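In the two complexes below, subunit A is the common chain; its partner is subunit B in one and subunit C in the other.
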Partner chain A sequence: MAAGPWWRIGWRNLGRNRRRTILTATGLAFGYWAVVVIAGMADGIVADMVRTATGILSGQIQAHAPAYLPDRTLYETIGGNEGTDVPALLAAIEREPGVLGAAPRVYAGGLVSSGATTVGVLLVGADPAREDSVSRLTAALVEGHLPAPGTRELLIGSELARQLNVRVGTELVVVAPAADGSLANDLFTVAGLYRTGIAELDGSYAVGPLDAIQALLVLDPGRVHEIAIRIADPWTAPAIADSLGTRGVTPAGVPVAFRPWTTFRPELVDYANLSAGSMWIVVVIVFLMAIFGVANTLLMTTFERRREFALLLALGATPRGIVRAVLAEAAALGILSIVLGVVITVPVLIWWHYDPIDLGRLFGDFTMAGALVRPVLRTDYPVTMFFYAAGALLLTALLAALYPAFRATRVPPADTLAGR
Partner chain B sequence: MRHLCIAVLLALASPLHAQRTAREIVDHVDRLLRGNSSRGEITMEVVTAHWQRSMTLAVWSLGTEYALIRIDAPPKDAGTATLKSGTEIWNYLPRVDRVIKLPSSLMGQAWMGSHFTNDDLVKESRIIEDYEIAIGFDGMRDGVRVWEFVLTPKPEAAVIWGRITEEVRQDDMMPTWARYYDERGDLVREITFSEYQRMGGRLVPAVMTVVPTDKPNERTVIRYVRLAFDVGLEPSFFSLRRLRSGAE
Partner chain C sequence: MTTPTNAAVRTDTVWKIFEHDGITVEAVRGVTVRIEPGEFVVLAGPSGSGKTTLLNLFGGLTRPSRGRVWIDEQDITDMSERQLARLRLERLGFVFQAYNLLPVLTALENAEFSLLLQGVDEEERQRRVSALFEKIGIAGLEDRRPGKLSGGQQQRVAVARAVVSEPALVLADEPTANLDSASSDALLDVMVRLNADLGTTFVFATHDTRLMERAKRLIRLVDGAIASDHRR
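Let's look at the complex of A and B:
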């Protein structure tokens, strides 16, 4: 603050009416607090949505044969008809930094039938032990047990169980077109039920052990459609997918396409962008409100100091100097407010990150953009908003000071000093 | 004046007349391989990019409402049977000894891996009710006098095709091909008929070849090996019990 006499004057002027300075700074600081905490909550909701949406089944990165999407035909397994060394591929993927787990899967459209009811489902062949580290499907088990490898057991959604009117232990007929053109059909036993809260998942998925589903579909053990990958930070998915794709983790001659969630769930990216964009509206509203409060305070301050300004002008101070003094005072106020704002914001961000506000008692869980959202307002750290809000606050203080500064220069020195 | 009246009346009546004729011909062609009731033996060869297989099928039908199809070969699928009763389709799976009814959401799925859908089994028989039929071409093609019929779905008809065209030879009423278009007007598949021969006392195309337009290297070829008509089947024949027992 010792950059020049005007700066020093501005800073010292703040100390002349400390109570008012503290009140104004506190107001601005709470504005800052509100913007950053709301942004933190919005980021938290987005992060939670991404985690839930990609964590339940899809994973944050998926590996397929390049031609598997969008048709998802039965034959487009990784490595084509010959398949690939799945354990080696899984191990290579898991060596990538940031990867927490990888799980192989096969998929096929099929029918499950019990009694007179038949429902079309997506049959999923999965390795329950590996799913544990990738998806939350196994954690969503509400009844029974996970299908054991080698057995003809199925894990089905609670809604599907309701439609079929079956329970744990009931036999189901499973029918699907097999890879050799035949109509695969076999009896499977319901081993367990899961409930994710997502209608599509609970109503139309049937998950069996990888080997049993492969056998049903006449697919060799080396043939899988997908490897789902879980990573530590969802936002690093594109970079890790890129690295996996270019580093050549797959055996020679086996083309694999690694896709991050940002490409297979673009609506989540859209939502994140929308959420970030709408934060600017909050910023504008909050600081627009603040701008008038600060302008009022500064207008009062300058009015009180009319005689002082008149004296300065009479002694030869330029109007530019007066403006600088008032702006310096506003800038000093802004910086003080930012410091105060950071002091009251950071602890709350940390607190609500580790002990989030749970609105679960007021509202139940709900789904948004196909992702289950728990009404828990866990704040994330909105790093960019942290700085942008500070910038906006400083700008607010300076804009608010423009008019009072202008008024200060228009004080008529002679009349004012004469008390007229 | 009287002559003019008659001429006008004739002019008015003739499209109506032509429409009825077109309907009759398409209906006739539709019934060719079915008769009132029929009993046939079919080989079905399916070629796809990934596999090819040949099946032997036994088929019973009654009118447009009932059909029963049983797979006799290959051994892996032998005994698998499909019953069509009205708009419902039931499958019997001998391996698990269960009968399952196909949910309506899956009617568009391939039947036994072929290029026919379950819908084809159900809906093809309703062509006369579901489509407006017009003559699109009447004349010589490759030295043969043919009609080309254009079938447009009626507004209220729940059908998957946007348009069907079918060519029929005029002198023996034999179909030569049928083309199926989607709602955008793009060709989806073509069925060609060939090897016209007498079976069960009437001239029929013994071979039907289906080629999906987007996969020109794939096809399903249906060949009638034996065919008998008016074999005296009753609706009660087409029961779930019969589906299970294999129909003999």
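Let's look at the complex of A and C:
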């Protein structure tokens, strides 16, 4: 039997009680709006977390000597004891499409002392000029200046400064194990203070010029522990890391392991997955509520049209045809609701993307999964959720129509046409 | 069971008993009747005599409590709803007192509905409906919805819908009840002409004396049973 008449009848039936149709479609459209906007907010929060967690220091991809992790041994520099041509390596990495910048670093656990106070820190040797293109550490500077290359200056977190009771200009004694087996120590001056809002970073990192820290640790200029890499889209990190690894960007075949943030910050991936999973609970709740509203409307509709269903049966329509007629009307209602839903959703997503709701005054910043979260409800564009929510809405309308459709097939033609 | 000529519809000792709130009503009581192809039959009788119920039994719109019903020698008594739907689609046409057009469809779409369900292509549907509309005097009203048609026009569309697929049997329940005498006469002219031209069997349930006068066979029902059966 052709689908044509049922679709035509279903679509036109929507216009018979326009107020009721608009109210029902609006209800469904707001369900769609809620699902997509909440998904957009959740995606926005996750994206902010990833941007913050990987953007402040770690970068979205890290390159190390294969044996450097997990122990972060001082001796496991890229290229081993010989080191590598760091500028050539950086240039090769930056040629990879999607890569915005790369910065070399050395790390060592150490102690910093001021007066009688000593605090354990992670000593970081970095190139301030390159860090700008990879991390936001330099942007987090709140006092003083960045350590200049060739100087014994340190940038420390505001919390570490508080613990040491030091300020810009104060001298610190730095002690760290050196690569030659000695215990290196030297005097450094606090050049600047930074504040990221992440307690771990603000309380236990001391960042100095790459050359000065290499000299302290007795590492040649060609020996670095890490190349931190920033890319345009954090979600492409696994693919870019894979490409860098397989393309063999390193000079003279020096083995380098490229790891995306999804590997070294798995808790962020877990949170993103949890967020995406919980969205389905929202979808189910929203559309489960909508089902009853739509079913109620369609039940009323089918009851009002008992005579028409009886007529259709008398004319030779099968019960399956009647079911199609009701489902076609529900599908038409669903499509109308999707259109309405998209119309009211897209402007809000764009609006809240560029001018998000800022709850910072109420709650302040907080850290979650090791990342700084700004309570700003900035929406991302959850493209797949547009389609999933549309599918869920259509399914909702069709499921809601099943019982009314079944009822419509049970109309006794003779009695109904006789008005009994 | 077979007969030398297949009856358009026939019943054998058919009963229809309604029970509602403990009250039993015998609407049709042991009716045995045979209507031949091409007949123009009127079921007459006072209200409650069982005319409409018998008509519904003929059309498979209600099932007999006892007895059996055949359409073109097909026993419809125990047919499934699906089988009945197919039979109604292919063999029967209905005209109801209250027109019963689908309000969201145009006159043309209402009239072609059975053809659409039968899978007839659009060109053929439109050709048949246009020819029929011309014949019954409602040409030019194809695109109007029922709400924009007079009672007489609506009933003609309903007749067109009933006969457009050229069914063997048209069952009409009080088709002139809501029409003025002029519209009623015009509609009867149409059906008499269709009966003569196409050989369509018509069975009416009616109080309308004008319709009774035109009948070639008049069956009077009283209290659910046949009181008289005259051919003219």
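Miscellaneous remarks
Keep this in mind: the second predicted complex is superposed on the first by the 416 of 420 C-alpha atoms of A that agree within 3 Å, B and C clash if a C-alpha of one lies under 4 Å from a C-alpha of the other, contacts with A are read in each partner's own complex, and residues count from 1 in each chain.
The working rule: a contact is a pair of C-beta atoms (placed from the backbone, for glycine too) under 8 Å apart; a residue touches a chain by one contact, two chains touch by 3 or more.
Only a predicted model underlies this, so the values are computations on that prediction, with no experimental measurement involved.
Within the superposed three-chain model, A:Gly321 lies in touch with subunit C and out of touch with subunit B [touch as defined at top]. Of the two partner chains placed by superposition, only subunit B is touched by A:Pro177; subunit C is not. Look at A:Tyr75: by the touch rule set out above, it reaches subunit B but stays clear of subunit C. Of the two partner chains placed around the shared chain by superposition, subunit B is the only one that A:Val119 touches, whereas subunit C remains out of contact. By the document's definition of touching, neither partner reaches A:Ala257: not subunit B, not subunit C. Set side by side, subunit B and subunit C differ in how many residues of subunit A they touch, and the one touching more is C.
Touch criterion met: A:Leu111 reaches subunit B, while subunit C stays clear of it. Once chain A of one complex is fitted onto chain A of the other, the partner contacts of A:Ala92 are absent, as it touches neither subunit B nor subunit C. Subunit A meets subunit C in the complex at residues 1-2, 4-5, 8-9, 12-13, 15-16, 307-308, 311-321, 412-415, 417-418.
On subunit C, the positions that touch subunit A within their shared complex are 52-53, 56, 59, 61-62, 81-82, 85-90, 92, 94, 96, 98, 100, 102-105, 109, 113-114, 116-117, 119, 161. Subunit A makes touch with subunit B in their complex at residues 75, 81, 109, 111, 113, 116, 118-120, 173, 175, 177, 179-183, 185-187. Chain contact summary for the complex, subunit B toward subunit A: residues 46, 48-53, 76-77, 80, 91, 93, 95-96, 98, 100-103, 105-106, 109-110, 112-113.
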